[in-house]
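Okay, got some structures for you below.
Next come two complexes built around chain A: one with chain B, the other with chain C.
On to the complex of A and B.
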């Protein structure tokens, strides 16, 4: 329930766009065609212009002509498509992803969209990127077995928009600045005597700046279209005096922002939403909701709610506005190919905002805006946007209590990140000044990146993409060949596991297979980066970054603050537990041979149940067991070292990030039986340091101690999922117990933790009577989902997680 | 044939707006489905042929 009648109504009629099993849950969800139609029309008319100008004119054509809409009761307006039930399509990105959608049940304009898809085929970044890879490499990448398919075919990206520059400056001021740069460049080009070295670089910059001006003017015009629509509705269609007044205020807001600086909280929220739509789903598609929201909105919250000097509003109205924001995000539709729709089981897309931490001056950054956002989150109950809370020693207890309130209700968020560790990492690895590093937010699920007016991450080719380690270990035992799923050679020939004579032989094969997968993945990202810079300019995104404006560069090309990272998705603990079992049972105790093991895995343990039980009962990570944890430490050091060998587009080596999204579910069926006693096809582990389902038997402190043995500072993040007792969390002592647990977690230098607080009984009841559990949320990995939207297989993986009793003291 | 100019749902774009062009206007229509009411706006020109939703202005 919302805190007001409005938000309760909005939630009841919310046009959710969640997917389950790769399909949209709500029957009315459709693929919109207007964006694809308009960008195609513009492309045909402007071929021959520089790419940035073509892209700017494409955006201009979309924003000037796409149908805009406002729904009843809305306080925040604007969407990415022509109808509130639709999601947009991006034919300029990936041929495969577009074709998949066009041929699906969601596209009602098949003939037109087939023609558009074919038109774009030679221009897509997929076609441009593929030619730099051999057919064998393409086969490996597109099989999605050891690595994620490249961004030029998934069309998947992520971004942290430079919201601050829009909210603080307004676009009209920025247009003036860019026009000054154009005038200065033109003057320099005409100076006497002619100096080529000093002036020729201006040619590309002039194109970039010209494109930025076209894009920003188009955005101001698009906001004005919303202003006119709200006014026309108030004056011609509605009779309710209160709603008419609201619409006239919305009209006034859309006249003011993003053209001008935000005056108060309503302006700031609307300006932020317009900017979000443009950067994440109109200029191009990018996942995420990366922002430090309580820092970004705090000046406007102060003006409107505390000082009441601009756009005055009560605190209750502010909470209502944050509830409206959550519902707006819940309605936002994204287009993804099937692999990614399956990867985000039960979700719409990945939307994660960041709260808490400290300010640039070192003071506590949690404020009353933080609290209002958390209160709205607690009341409205939506899976999106997810929240990450930066846990700092000095953070105030009132805000931490509100974080706890959301967690104990079972939302699965806020997830918690170690503030000091993540801040230091940006300083140490990426040379970010400390005061800038202190304003970090998660780029997507778990990776920190800077926020602010310049230098934020603009594309997933900087950070993102995946290696799938359990599959890598599988092929390390089969000479690099995938016998189980794709039937192709996925990696180098590193020998038949049956012939391995020592644990080091196994380890070396794993290392070489990982190396191949990592390098292919990184190369595909960097090739994609060049394709983005050359063929997919983003003039609006560039126009709101101070660095891009100053340097006349496209946002895809400029890596002002490097932030390279690369995921190791689901399966790390399966690898650790498998290697532990191999070490103990084959090489230390010599109870089995490698030949016996490889044969048993090939046959999915058939006829070898006793042997499987032996491997299942070998020491497991997550129990503070020195034998297993030593393997974990060795594995994670290997991963960090292997990543460190490489240098990416932005000039430094990437840091790994161990997590799973729903990869542990999706990749399980592609992975043969593993030496931890797991059968073929079963789910993998649900994150970087989450013990395998049901294998952590020594209590929550033992899990933390195992996790603490991994040097998390070498990583962008290492995910830890924990299930906590609902009874305990809801008891009078709940907060104190959890707070004490969190202090232990923090003192052990662990990077991350997130919680499921839902009883076994409720989950089983929801499987039988789902209609009674429509607001039951669970944490998957980097995001939360409605339990009833998950496939039975996925639901069972949550049920199988060990429920920890924090009061046990162990 | 009727033209958009004469339609009750045609609203001329004010001079000074970024997308102003002579004769250009917003076609604004109300829709309602099981999830509620919403209003759509798309650009049209006054001399465009009327569409199936055309409603002649009464004034």
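On to the complex of A and C.
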């Protein structure tokens, strides 16, 4: 429960928006129509204007007219819809995603929304993007088998807004700056003699700047609407003196921010929340909660909590405010089509904030604001937002103890990222100056990107279009044809696996199928990015980025600091274990032929149980086994090399990122039997270096040693899930044991680790009596979920993970 | 004539295309060596497809937590 009565009440009343089996768990969740209605109305009135102006006017119409509300007890106000039970809709993004929502049980305004959906069909980025692909390519992408459908159809994107510029400058100053740019451009256009080379580029920039001004003014007006509402409520409807005072303070805060710089922590939290809403879910939908929160808020925390010079408050009040933030995020409804709702089993969206690490000057970045955020996390117990902690050798033990406290309670977060390795990677691969690189935060679950006033991660084309490697291996043995699920040719014809004569033949087919999937995925991302910048301008997001303001460019178009990555989702270890088994049993020991194997896989091992057991018992990754680990290294080298062949929109090659979200559950049923002894339909592995369920038999250090053989610096991230003993973690020696484990982890140069601390017995009991386990959380992959809200199938895959005994010393 | 769309076993739109679904009806009981008990042998269906003999009426989303 919360640390105060207020946050306890807020939690009890919170309209959580997480999903189970792809459907919202809370019965009251509905699709809001106001955003869709208002953007449509404005679009009809402004057709013919440049896209950025149409988009700015659309935002203006939404912000001027959408219903605003303030709920009892709230200290942070503002929402993305007209009602706290609702999530918004984005008819301008994907026709399919909107149609899916409109035809779902969540939409009560079906006739109106059907009309809106059809109106937008020709303008959506889906319709625009599809034109650049053949029907066969569309079929492959939309089948979601070897690659994720492209962002222009899933409507899924990610962003890290430049919060710093809003908090430091305020929008009024930025409006002045943009107006100055407009005035200078107009003066230059009128200079004598006329010089086209020097001036014609201003035409587009003038449109962009004009759109930015419209958007920023609309945002200031929207905040003022909240200020007025709070004042009206305080002066006319409330008798409780304390709440009256709070509402008057809220009114003062919304009058001040985001128009002006934040004065103290209350302003900063409100301004950050408004900015979050706008960038992630009002101007467009974008997933994530990427921010280096302790760094971002530290100046305001110092002023309010430590020095008490501006908006003074006690430390307890700061913790309460962080609890309120967690509840706002939990109540926030994000909008995704069914495929992605299933992909994020148990969660609402991928809300992940980052803490810890080091400062630009190299000192420990964990501060008392970090500690207060962790304390609020520990007390309020919500799955969202998840936290990633940057583990640096110099990080102080007090903060690490608070990280441990959350993990020990079974939250599954903070997940831990290797700070030094990820900072060095930004410097080495993306030429980021060291002091800027030191301010990184995760964009979504696993991928670090820089934060700050310019050049932040702005668009999904840096990530997304995931490759699903287990399916890729499946079709590498069936001449590129998917016999199991979609019945289409998913990749090039690389031969019938039954006729492969050497391990290199199998490897080569895998390589060529991967290459095809990677290249199609990258092309679809970059086409999506062009569609975003030409048809889905984001003038507000652009207006708060110093680079976009200076250059008069849309945020989707600008790529000052490239940060491309490409997810390989769930299945890497299935591929490693399968290739290991093939190498050993077919080519080294010659116990079986490729023809026998392909036949057995095609028949889902039917009548071949002995053979299946042989493949199941072949060496497995995660046991410090040199034979299996050598295949893992070879596989990961292949992955890195294959991506390196390509150049993306932002001018460089993407680094692969091996993780799983809940893809290991969703993609299992689409993947035929595999040579690691897995049956058709069974779940895949839950990360990049997480051993397959139940296959890590030699203890936690053996898992770390296997994981360390992959050179993690060549990848954006490699996810490692570990399940630790509840008893040990809660014992007196718990912290020391875990700390020693973490030091080993760090010394082995591994990228990432995250923990489930929950016993098998508790999970089984929760399946029988869910009502007794309402606050039991588990880690899925890059995020956590309430155990009882997961579909049965997902619950079973978590129970099946091996529990590691840190005290065993093996 | 009933279609897959009206069947409780279809998960809507597991792909990029909402006119398709995965049929969850076929289950495989797994061997003891495996860590999980069942596998869902997903099969892609067109939601407009004529229902098969295993059809059971119902809105899939209502039961999905137990079906998945």
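Basically, the second predicted complex is superposed on the first by the 810 of 810 C-alpha atoms of A that agree within 3 Å, B and C clash if a C-alpha of one lies under 4 Å from a C-alpha of the other, contacts with A are read in each partner's own complex, and residues count from 1 in each chain.
To be clear about the criterion, contacts are C-beta pairs under 8 Å (C-beta built on N, C-alpha and C of every residue); 3 or more make two chains touch, one makes a residue touch a chain.
Given the structure is predicted, the values throughout are model-derived calculations rather than measurements.
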item: Which of chain B and chain C A:69 touches, first, second, both or neither; value: first
item: If touched residues of chain A are counted for chain B and for chain C, the larger one; value: C
item: First, second, both or neither for A:142, with chain B first and chain C second; value: second
item: Which of chain B and chain C A:639 touches, first, second, both or neither; value: neither
item: First, second, both or neither for A:217, with chain B first and chain C second; value: first
item: Which superposed partner A:604 touches (first chain B, second chain C, both, neither); value: second
item: Which of chain B and chain C A:387 touches, first, second, both or neither; value: neither
item: Partner chain(s) touched by A:407 [first = chain B, second = chain C, both, neither]; value: neither
item: Partner chain in contact with A:443 - chain B first, chain C second, else both or neither; value: neither
item: Chain B - residues contacting chain A, complex; value: 11, 13-14, 17-19, 26, 28, 30, 33, 35-43
item: Chain B-touching residues of chain A, taken from the complex the two chains share; value: 13-15, 28, 64-73, 82-85, 217-218, 220-221, 224-225, 228-229, 232-233, 236-237
item: Chain A contact footprint on chain C (complex, rising order); value: 11-18, 20, 22, 24, 26, 28, 30-31, 33-44, 59, 61, 64-68
item: Chain C partner contacts - residues on chain A that touch it in the complex; value: 20-23, 96, 99-100, 103-105, 141-144, 149-150, 153-154, 337-339, 342, 485-487, 604, 609, 612-613, 616, 666, 668-670, 677-683, 693-694, 791-794, 796-797, 800
